[in-house]
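Two complexes follow with subunit A in common, the first pairing it with subunit B and the second with subunit C.
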Partner chain A sequence: MHRYRFVLLRPLQFLPVLFGISVITFVLVRLIPGDPARMLLGTRATASALERIRAQYGLDESIWVQYLYFLKNLFAGEMGKSIVFKTDVLKLIGTRIEPTLVLVIGSVALAILIAVPMATIAARNRGRIPDQVVRVVSTLGLGTPPFWLALMLMIVFSVKLDLLPVSGYGRTLPEKAAHMVLPCLTIALSLSAVLTRSLRASLIAQITSDQATAARARGLSEGTVFWRHVMPNAIVPTLNLLAVNVGWLIGGTVIVESVFAIPGMGQLLIRGIFSRDYMVVQGVAMCFAVATVLVNFLADILTVAADPRVKL
Partner chain B sequence: MTDPVLSVQGLSVETRDGVRLVDDLSFDLAPGEILGLVGESGSGKTVACRALMRLLPEPALRIADGRVALMGQDLVTLSEARMRGIRGRQLGMIFQNPTAHLDPVMRIGDQIAEAVRLHEGASRTDARARAVEALRQVGIPDPEARAGSYAHEFSGGMRQRAMIAIALACNPKVLIADEPTTALDVTVQAQILRLLMDLRDRQGVSIILITHDLGVVAQTCDSIAVLYAGRLCERGPKRGVLGAPAHRYTAGLIRCQPTSAGGEGMLDTIEGQPPAVSAMPKGCRFHPRCGAVIAVCNTHQPEQTARGPGHIAACHNPVADAAMTVSV
Partner chain C sequence: MTAIAARPLYLRRFPGRTTLVVGLTVVGLMLLAALAAPLIAPYDPVFQDGTARLVAPSAAHPFGTDNFGRDVFSRVIWAARVDLQIAFLGVVFPLVIGTTIGTVAGYFGGVVDAVFMRIVDVVLAFPYLVLIIAIIAILGPGLKSFYIALALVGWVSYARLIRSQILILKSADFVLAARSLGYSHSRIMFRHLLPNALISSIVFAMSDMVLVLLGGASISFLGLGVQPPTAEWGIMVAEGQGFITQALWMTMFPGLAILLLSFGFSLIADGLGEWLGVKE
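What follows is the complex of A and B.
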C-alpha cells in the first residue's frame, strides 16, 4: 500500500501552497482601486466617520500588520468580519456554500454523464456519421460562452416552455432541485465538450492499441474489449483533465450564479468585489483555492487507484 | 501421415488499393509440429498470422483469397461470432512486444482467467485456480502471488511467459507466436524458446513460430517456410531447407547467419532492400536482389516445384543440389 503513502504526506505540502495563495489573494484584493469605507458610507461621508470605519476594521494599519491579522485569523479558523454584512465571513460563507457545492458537483456529474456516452459513440464509430455529429456538438459546446448558453436555456426552458424556474434557489428540496437544473446544464454542456474530445481521443488510441488486439485474440467480443480493456485505460487522462479544469469550473460557477441569481459563493464574491469588502473577497478566494487544491488531491488519489503503474 | 491441424491454402491478403501484402501462402501444420515462418521485416509475417486469426485491421486490410482449415473447418468463411469462439480456445496468439500487448491496468491473473471464463464458462474461483495453474505451467515462480501482479511488476521475460500463459490457458490446438523473442535479451530468448518446446512436448500444441532469425529456427523448429515480399519462396523440413536450400533467397539468408559454416569471419549480406509493397517487381519478386538471374526471372513468377519429401521451392534457377552444406 506504499503507493498511497502520498495521501499522508501530501497535506504537508498544502501548507506552503496555501500560504502563497493567502499572500496573493490578500495583495490582489487591495490592488482593486477604491476604499471600502467610502464604498460603505457613500461620497458625502465625513472624514471622521470614514476614520471610524477604517479603525473598526483595522484598515488604518499598515499593510504588513493587516496581513499578520489576516494570517492570525486564518490560524484561529476565522476570516474576519464583513464590512457590508457586518457578520463573520466564515458564517456568511456557511450560508452560501450549499448552492455552490450543488452546482459544482451537479454539473461535473452531469458533464460526465454526457461525455462518456458521447465519446463512446464517437470512438466506436470513428469517421462515420455519429462521430461527425459528436464532433459538431462538442465544437458548439466549446464555442458557446456559458453566459449566452445560460440565457438561451433560460429563454427556452423557463420562458417559452415554462418547465423550470427562471432564477433563484428556493427553500424545499424539490424547489432547489428544479432551480439547479439549468445552471448545472449550462456548465455541464461546456465542460462535457472538453471531456468528450479528450476521452474520444484516448478511446480511439486504446481501441487500436496492441493490448486491445491481444484481448481480441483471446476471443473477447468488441463490447467486452471496450468496457474491460479500452475504457479503463482511456479514463485516466480525462480524469486529470477534469481536475485541471476545476479552476475554470469555479470561474464558470461565478458567472452562472450571477446569471441565474443563485445565492452562492460566486455571487457573494462579486458583491464583495463591488463593495470592496476585503474580508469577504479574501475569504471566498481562499475557499476556492482550498477547493482547487483538494480536488487535485482527490484526482491524484483516483489516478493512483485507476492506474497501478502510477507512483506519486 | 497424420491429418494436419491447420492447413492454409492460397491465403492472400490485400490492402484497400488491391496491393497483395501476402500472396498465395500455403502450408500445413501437423499436430505437435513447430513451423518456423521466416522472412525479413516487412515480408508480411505479422499480416499473415493476423489473417489466420482473422484479426486484420479492416477495412485497411482484408483476406482476398484462400482457405484456412483448422481441423477441417474453414476459418475464412466463418461468422465473426463463431470465429470468436475459435480465438483463444483453438488458436492462441502471442506477440512480439509483451509489454504493449498486456493490459497495464488489469492483474495478470485476471487476464488469464478472462479467457477461461469466456470459453469454458468457468466460475470465478475455478478460473482463478486455472490462471494460477497456467502461470505455474509457464515457469513463473510463486504463481499464486504473481497472479495478483500487474504487467509492469514483471520483467520482460516474465511478461512473455505471462502472455504465453494467457494464450495457452484454454489449451488451444495451435499457438501462433509472432516474433516472441525479438524484444527480449539473448539469455531470456533461449529460455522462452525452451519453454515453447516444452509446452509442445507436454501438451502437444502445434506452433507457428514467426521469426527473422534463422538461428532460432535451427534450434527450435521441425519445418520452415520462407517468406519474401509476401510470397512463399521455400518450405520444407528443417534439415532439407537449411541443409540443401533450393531458393536463392533462402541460400542468401543462410549465408548471412553469423553461425553458418560459409561465414568464415566475414558476414555476407544480401545486396539491396526488399521491394516496397506499392512497387512489386514483375516476375520473381526477389530477382532485383538475386545473384543468379536468368531471363525468365524478369517476366514470370516461379511455380512451386518439389525438391524432396515435403520440400518445395519457387525458384527458376535453384541452387544445384548439394552446392551448399550447412551444419544444422
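What follows is the complex of A and C.
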C-alpha cells in the first residue's frame, strides 16, 4: 500500500498552495481603491455597522494583522456578506453549486463520448482521409469561441427546431435536464477537441507498442487488441489531461452560464463583478481555486490506481 | 545533399509543411485585410445608416447591417485589427516576462527557483479565466486591464516551460565551455542558454494565441474588455445576441472570423511543432 502513501503526504504539499490562494484573494480585494468597510457593506451602511465590520476584519490595524483577521474569519467559515443578496457569501455559493457541478460533469461525460470514437477512427486510419477529417474538425473545435457556439446551438435547437428550452435552469429534474443539454454540449464540443487530439496521439503510440504486437502474436483479432490492450493504456494520459484542464473547464462554465442564464457559480462571479459585490468575487474565485487543487489531487489518486507502475 | 540543402526553405519538404503553409496563409490574409482595412472595408465601421437597419446580407452589405445600420462586413474587417492586436500583445507580454523569470529561476536554482515555482503553483491553481476576470474587475473594464491581467497570469506557463528546458541544458558542454571562458551569468543565460531553450516556447506561444484570442473575445463578450462602439468580434457577437432571431448575420459572421483566425494560429502551431519536433 506504500504506493498510496502520497494520499496522506500530498495534502501537506497543498498547504503552501492554499496559503498562496488565500494571499492572492486577500490582496485582490484589498487592492480595490476605497474604504474596505464600505465595500463590504455597501454605500448605505450605518455608522455602527461600519464600526462593527472594522472590528471584525481589524481594518484599522496594519495590513499584516488584517490578513490574520482574514484567515481567522476564513477558518470560521466567514467569507463576508454579499451586498446585493444580503446573505453570507458561503451560503450563497452553496445554493449555486448544483448547476455548475452538473454542467462540469455533464460536459466532461459528453466530451468523452465524442472524443473516444473520433480518436479511434483517426488512429485506426492514420494518415488517411478519416484521420484528416478528424484533425480538421478537432482543430476547428479548439478555435470555436464557446459564447458564439452557445448562441448558434441555441438558434438551431431551441429556436429553429424548438426541441430544447432557450435558457434558464428550471425547477423539476426533467426541466433541469432539458435546460442543461445545450450548455453541456457547448463545452463538450470544445473539450472533446482537446481530448481527441491527445487520445489520438496516445492511441497511435500504443498501437505500435510491444505489448500490442505481443497481443497480435498471440493471435488476438485487431479489434480485441485495440479495445482490450491499446485503449485502456491510451486513455490514462487523456484522463489526466482532463484534470490539467479543469481550470480551463471552469472558465468555460463561467461563459456558458452567462450566455444561458444558468444560476450557477460562474454567473454569480460575473454578476458580482458588475455589481461590485467584491466579497462574492473573492469567495467564488477562492472556491474555484480550491476545487482545481482537489481535482488534480483526485486525478493523481486515479492515475496511481489505474497504473501500478506509477509512483508519486 | 548539398543541392537539397541549398534550396530555400519554402521549396524544401519537411514534416508539417502543408499545415504550416495553410496556417500562415490564413493568418497572413487576415493580417493583410486588417492592415488594408481602410481600402477594403466598403463603409466606415462606426457609421450609422438610419435608413438601413438590420438589412439582410446583400450585394451592398455582404454581411448585412446591425441594429444601428452599421455595415457588418466593414466592422468585421476593422475588428481584425483589434483582435490580432489582442492575440499578439496578449502573448508577447507573458512570453517575455515568463521567459525571463523561467530562465533566471532555472539557471540559479535554489531559493529563487523555489520561490518562483511556488508562485507558479499558486497562480496555476486558479482557473485562468477566473483570475483574469477578477483582476479586470479590480482594474476596471478595458483592453489595458486585460493586457495587465494577462501579463500577471499568463507568464507562469512560459516560466515553467522554459525552466524545464534550462534545467536540461544547464549541464551541457557548451555551457561549461562558456563558464570556463569566464562569461558572466547574464551572458550565459541570455546569449547561450535561452536561444537553445526557446523553440518549445515559440511553438507554445502560437497555440497560446488561440487561447488568448478566445479569452480576449470572451472577456469583451462579457462586457469587460473592448468597449463599444469599437468594432471587435467578441463585442459584435454580444451586440448581435439580442437580435439573434431577426438578424443572425450580426452574430454569425464575427464568430466565424474568430474561428478562422484561431484555426490559422492552431495550424501554424501544429505545423511548427511537427517541423521542429516539439510535442505539446
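FYI, the second predicted complex is superposed on the first by the 274 of 312 C-alpha atoms of A that agree within 3 Å, B and C clash if a C-alpha of one lies under 4 Å from a C-alpha of the other, contacts with A are read in each partner's own complex, and residues count from 1 in each chain.
Methods note: a contact is a pair of C-beta atoms (placed from the backbone, for glycine too) under 8 Å apart; a residue touches a chain by one contact, two chains touch by 3 or more.
Note that the structure is a prediction, hence the values are computed from the model and not measured.
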Inset, instruction - In the superposition on subunit A, see if there is space for subunit B and subunit C together, and answer fit or clash. - result: fit
Inset, instruction - Check whether A:Phe26 is in contact with subunit B, with subunit C, with both or with neither, and answer first, second, both or neither. - result: neither
Inset, instruction - Could you say whether A:Gly143 touches subunit B, subunit C, both of them, or neither, answering first, second, both or neither? - result: second
Inset, instruction - Figure out whether A:Arg216 sits in contact with subunit B (first) or subunit C (second), or with both, or with neither. - result: first
Inset, instruction - Measure off the angle at the C-alpha centre of subunit A toward the C-alpha centres of subunit B and subunit C in the combined model, and quote it in steps of 10°. - result: 80
Inset, instruction - With the two complexes superposed on chain A, say which partner A:Val159 touches: subunit B (first), subunit C (second), both, or neither. - result: second
Inset, instruction - Between subunit B and subunit C, pick out the one touching the greater number of residues of subunit A. - result: C
Inset, instruction - Identify the partner contact of A:Ala289: answer first if only subunit B is touched, second if only subunit C is, both if each is, neither if none is. - result: second
Inset, instruction - Identify the partner contact of A:Gly247: answer first if only subunit B is touched, second if only subunit C is, both if each is, neither if none is. - result: second
Legend entry - subunit B versus subunit C as contact partner of A:Arg228, first or second or both or neither: first
Legend entry - Three-chain overlay, closest Cα atoms of subunit B and subunit C, distance in Å: 16
Legend entry - Residue ranges of subunit A in contact with subunit B within the complex: 208-211, 213-221, 224, 228-229, 232-233, 306-309
Legend entry - Of subunit A, residues touching subunit C in the complex: 16-17, 20-21, 23-24, 28, 31-32, 139-140, 142-149, 151-152, 154-155, 159, 246-252, 254-255, 258-259, 269-270, 272-274, 278, 281, 284-285, 288-289, 292-293
Inset, instruction - Going by the contact rule at the top, pick out the subunit C residues touching subunit A in the complex. - result: 118-119, 121-131, 133-138, 210, 214-215, 217-218, 221-224, 233-234, 237-238, 241, 244-245, 248, 251-252, 254-255, 258-263, 265-267, 270
Legend entry - In the complex, subunit B residues that touch subunit A: 53, 55, 57, 84-89, 92-93, 95, 97, 100-106, 111, 114-115, 118-119, 150, 152, 163, 166-167
